[in-house]
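Sharing a structure here in structure tokens format.
We just call them A, B, C and D in the order they show up, numbering each chain from 1.
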Amino acid sequence: MSGNTIGSLFAVTNFGESHGPAIGCVIDGCPPGLSLCEADIQTDLDRRRPGTSRHVTQRSELDTVAILSGVYEGKTTGTPICLLIKNTDQRSKDYGNILETFRPGHADYSYLHKYGRRDPRGGGRASARLTAPMVAAGAVAKKWLLEKYGTTFRGCMTQIGDITIPFESWEHVAGNPFFAPVADVSGLETYMDDLRKAGDSCGARIRVTASGVPVGLGEPLFDKLDADIAFAMMGINAVKGVEIGAGFASVTQRGSTHGDALSPDGFKSNSAGGVLGGISTGQDLEVSIAIKPTSSIITPRESIDTAGQPAVVVTKGRHDPCVGIRATPIAEAMLALVVMEHALRQRAQNADVQVNTPDIMRKRG
Amino acid sequence: MSGNTIGSLFAVTNFGESHGPAIGCVIDGCPPGLSLCEADIQTDLDRRRPGTSRHVTQRSELDTVAILSGVYEGKTTGTPICLLIKNTDQRSKDYGNILETFRPGHADYSYLHKYGRRDPRGGGRASARLTAPMVAAGAVAKKWLLEKYGTTFRGCMTQIGDITIPFESWEHVAGNPFFAPVADVSGLETYMDDLRKAGDSCGARIRVTASGVPVGLGEPLFDKLDADIAFAMMGINAVKGVEIGAGFASVTQRGSTHGDALSPDGFKSNSAGGVLGGISTGQDLEVSIAIKPTSSIITPRESIDTAGQPAVVVTKGRHDPCVGIRATPIAEAMLALVVMEHALRQRAQNADVQVNTPDIMRKRG
Amino acid sequence: MSGNTIGSLFAVTNFGESHGPAIGCVIDGCPPGLSLCEADIQTDLDRRRPGTSRHVTQRSELDTVAILSGVYEGKTTGTPICLLIKNTDQRSKDYGNILETFRPGHADYSYLHKYGRRDPRGGGRASARLTAPMVAAGAVAKKWLLEKYGTTFRGCMTQIGDITIPFESWEHVAGNPFFAPVADVSGLETYMDDLRKAGDSCGARIRVTASGVPVGLGEPLFDKLDADIAFAMMGINAVKGVEIGAGFASVTQRGSTHGDALSPDGFKSNSAGGVLGGISTGQDLEVSIAIKPTSSIITPRESIDTAGQPAVVVTKGRHDPCVGIRATPIAEAMLALVVMEHALRQRAQNADVQVNTPDIMRKRG
Amino acid sequence: MSGNTIGSLFAVTNFGESHGPAIGCVIDGCPPGLSLCEADIQTDLDRRRPGTSRHVTQRSELDTVAILSGVYEGKTTGTPICLLIKNTDQRSKDYGNILETFRPGHADYSYLHKYGRRDPRGGGRASARLTAPMVAAGAVAKKWLLEKYGTTFRGCMTQIGDITIPFESWEHVAGNPFFAPVADVSGLETYMDDLRKAGDSCGARIRVTASGVPVGLGEPLFDKLDADIAFAMMGINAVKGVEIGAGFASVTQRGSTHGDALSPDGFKSNSAGGVLGGISTGQDLEVSIAIKPTSSIITPRESIDTAGQPAVVVTKGRHDPCVGIRATPIAEAMLALVVMEHALRQRAQNADVQVNTPDIMRKRG
């Protein structure tokens, strides 16, 4: 209710601040019997962590995760799994006049008016650092879904600032710091180097998909699978837009082309993005998100101080010139959490359902 | 949990099917003492109801609402408000071979695989008709928010199929069947007449805003105001994309331009769309949604039957050639429900907060 | 959240007031495919309804239930089931000076201070009449649990005022107006006749059980099965105490006798009342509740009016001299709702669990 | 949903196992601006912790709490408060044949059948050790309620085994290891010494109260204040019965005596225990709970092993001969959590309520 838990049956409660002693999460509802150790989670955390290339923040955090509960003799017990990540490289002094001024594009103004106070160190609770526990929780969901249904999650960058990135192959994604599905990222590197020298930042567009999703996930009216995906994605720091399937392109489509035709061999297209009437069809979930440019830039910005007087803000510290770069594993994790939640809901209500109709997607949960 | 309730403190539970005896909702958590009668609700229902122009479905439903509980001597009592709308013009025989085939773009396939059965009459639970109770509930939220905070909600169509609609004035919106903010809609009428004659349908883009929103609404990590807006909007039938503020345009923006500068007189722009860090700033909430073309068209479509064999689907019956046309009051209602929920949450946790900083938006809740 | 919904996966939202046009509920989450018609529900409603003997209120309500949604061709569809019961015999004029005074033992004082207003007609929302929709919802849960797991629910009166009622046989319960498990209720009738003539009322103790409960229901720390049972029972109008298994008698027991010994043939006693560590063992759930004497009595009572001045209250109208008499079907229904909720939760998280250990109760879900 | 979170607006998520590396909780929804440090919490933890007298378990745990998040410069920020308590004195080897047998009165059998596996070390998740984080969370609630409304919480033992303990004064409670409200506890000490020598255990009855409770807390139908109290109390390890106000004594009361008369100076009695119609009246909340005898005793017990064969169980290790002894601070904490939750709910919905009627209890929230 106070906004730090996502999910009901696979409920993840996130805690911590950027410069406090630790961040982490508690996962409640994980099915028992899943083999789980820190290494299962660390892989995705490493994909997200800072300091791995010159194109992201140089803050040095190993983001080492510890499992505090819920696992006994290498398997989940069904009770809460607490994951803890200690903060190790806080340099609060870097943050200049943050406490007295409102940084444009940041949550300073809204937090102060909501709570009457705020932890200003590194953005406090509003820091993108709090996505680390989400990636950790998502790794648990991914593992269970893979073992149970064969579901897999992938993401890549499809645009960075003005540069549209063509899709060549999923294989290239892990080979460059941009999560770009292309072999040659030299153009992207030059673009980002120039931007960084200019003291500015840019936005990005990320695509994230799930394959092998059971048919039937999602609820009919409000907790539609696509609505929950939109909720999860828009909740990622800096996201300003979410599309499912054809997304905004569907505005100019005709009904005769948008509606995906069916054949005995499956759907013939995927404008729906894997969801019809809020319920998964078994096709790939296709999601695209827009991420705004980083608000922390060294270019001076016009603002006011907490007394309401004009002030100029220059944000020093160590920041990502494009927060979208590290967003891919985050978006994958959030998508996995949504699918996990609905997989559990589905069997709660509909475990007894028998459908005689051929499942053209062969992926019923 | 089973997806038919939205909100926690202002919880709206929706029930009914398109061709059952009645549809409706139960609102739990409405503050007591609000003056409320059916006429307060009927106005918005009339804006959404079918049969009001040749550009929407010709199903004739008056959508007359009755208040069954929660109001005593003209004021809300704080206990559940049940709103009932009887269905009066069901013609189930119109719907042809829906039961045996899966209509492309419809929820037939996903519902059947989820539940093992479905009510096929008029789309059953998946019908857009179920947005009527949401509009009714939204009207209650709108009234309370207006009286308490002066918050107002407005929406308009900004694109229909290939035609972009410029913004002239809010005053025009009520003067045409498209909710278009322009004086002359003859071009839109011709476009829709041609489309209808062609037996096809098109998508639309809708803008919805809220003004006079208290600062401080929304939660920090998951139940962000923009995340809940995305959830509510993506949950509307046929919506495939949601933007807040600059939306997808933020991908190509620079940090130096996207971040809204502040001055003693307020924010100087609104790329944020009224939300920073998931919490309202007091600026107008700015939301844009993409609505796919109506899936029910008379153009024959390739599909399969429930035995998995190829079939051709022709959807007769009375359908909107562009479901986006009637979406404006629905989107307003959903936005109102989200703001209402967060207004109550905010005072639960933060009723004692005193901020000495000048509120440049002068709209603190 | 505002207290009119019970359950999450099998969520029942209750609405209405004693003297409004109708009362009812919406059940969200019922598994699809359950055969259901009004008659399945009416049976339990008839057990609870007023006017069936001289020992209960003479208000004449048939409590006829109508299914408004969620059932198609005689089977549940998995979407919300709205049950409506119209009020037909409201006589608000009977209620005297209720509006200006606070009746001792009634919710008048607390409601007014909570909401600033209240619907005084027949107790409004605080009326025990609102248990009728709970009985209706419970009937749906009972039917599903019986068909799925063979679970059955029974209740009886074990004490009325000063008279302890011995347990003779479940068979007698339906044969008398007290739900007493004895063949001869003449003593009870005389006792109640005398009490009624004296213009007073008395309390009662009710026992309610469930047999054939699957092992493994309930959550480990907070949503324990017994905690949820206590919540459901204490929420019934006029209940002041709840016991599970040995209940308060366990205070004087020794550990060597309280702990139920196990043998290859099952547990050898049931001090636990069917729950260990908050989780069902498969033994019968055994619950006992205390119901206070009816607060509406014609004996004059000392009180104050809404101006804070002394006043004398005489409650006319048609009231039960012992609200406990009609409580048995209500308590059964509430127990069924709790078991239903946990049955669905259990398969959400633990559907894959395989236990090699012999189930001595042979009732695993 | 999976039962490890209590509360919605003041939500406490509990994690950990008896013999894991740590236990703790996350509090989400605490109002900002509350002064809070570890010492504020430690006081109550010290009242609950083991090893403080010969009458409780000799396990030596300091139960030192650390605040990991949600507090900045000594005040709560409104974001999640993570409280961590490291386990330091685990001696798993003490626990004998727990893994292969089911201890009578313990959760072994139900956990194994629910999850298919269990952490047997010290009871794992079912250990009463998990009440420590609840006491910690309760201390935060108590502090806020005291500062905001002047609400105070007190508890004492009223019966241990066969010995009824008269109420002399609250002042004695802190002066003896039994939380007994009497000056001379020599009789209790002898009783417990004898019991311990006999290798057996006994039950207890605990009274817990809240004074200075705002009027108007609690919801009308399900989330009644007394229902939530019953839920919280029955959820404490080993509790088998809960009473509010007159409790089971109300069965033999008459309506003319049970209903608390009102006068301009307040209520003249408190049979209601501070709750009418599920909503607080402003009178003291009066709760009584029954705690069963400790199941871990060295007396041999008849049982079965996991293969279903007969077995004898002797529970060694360090156990409380009466778990009720340390239950008082736990019950206080749980009551505080319930009141806290409802205090926040109340202002969410009813912050604008003005009541002209004199508040005879002068405690409106």
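One rule holds in what follows: contacts are C-beta pairs under 8 Å (C-beta built on N, C-alpha and C of every residue); 3 or more make two chains touch, one makes a residue touch a chain.
All values reported here derive from a predicted model rather than from experimental measurement.
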For this session: Among all other chains, pick the one whose mean CA position is farthest from the mean CA position of chain A.
Result: C
Exercise. Where are there more C-beta contacts: A-D or A-C?
Worked result: A-D
Problem set entry | Distance between the centres, which are taken as Cα means, of chain D and chain A, whole angstrom | 38
Exercise. Using mean CA coordinates as chain centres, what's the chain A-chain C distance in Å?
Worked result: 45
Exercise. By residue number and range, which residues of chain D touch two or more other chains?
Worked result: 1-5, 8-9, 14, 29, 32-33, 78-79, 114-116, 125, 220, 345, 349-350, 353
Seminar exercise, completed: chain D partner, complex, touching residues on chain A are 1-5, 8-9, 11, 13-17, 20-24, 26, 28-29, 32-33, 66, 68-70, 72, 75, 77-82, 114-119, 124-125
Problem set entry | Parts of chain C lying in touch with chain D, wherever the complex brings them together | 1-6, 8-9, 14, 102-116, 125-126, 130, 159, 161-162, 200-205, 215-224, 226-235, 240-256, 258-264, 268, 271-273, 275-282, 290-297, 299, 301-304, 306-310, 345-346, 349-350, 353-360, 364
Problem set entry | Of all residues in chain B, those that touch chain D in their complex | 1, 8-9, 29-33, 78-79, 148, 220, 344-345, 347-353
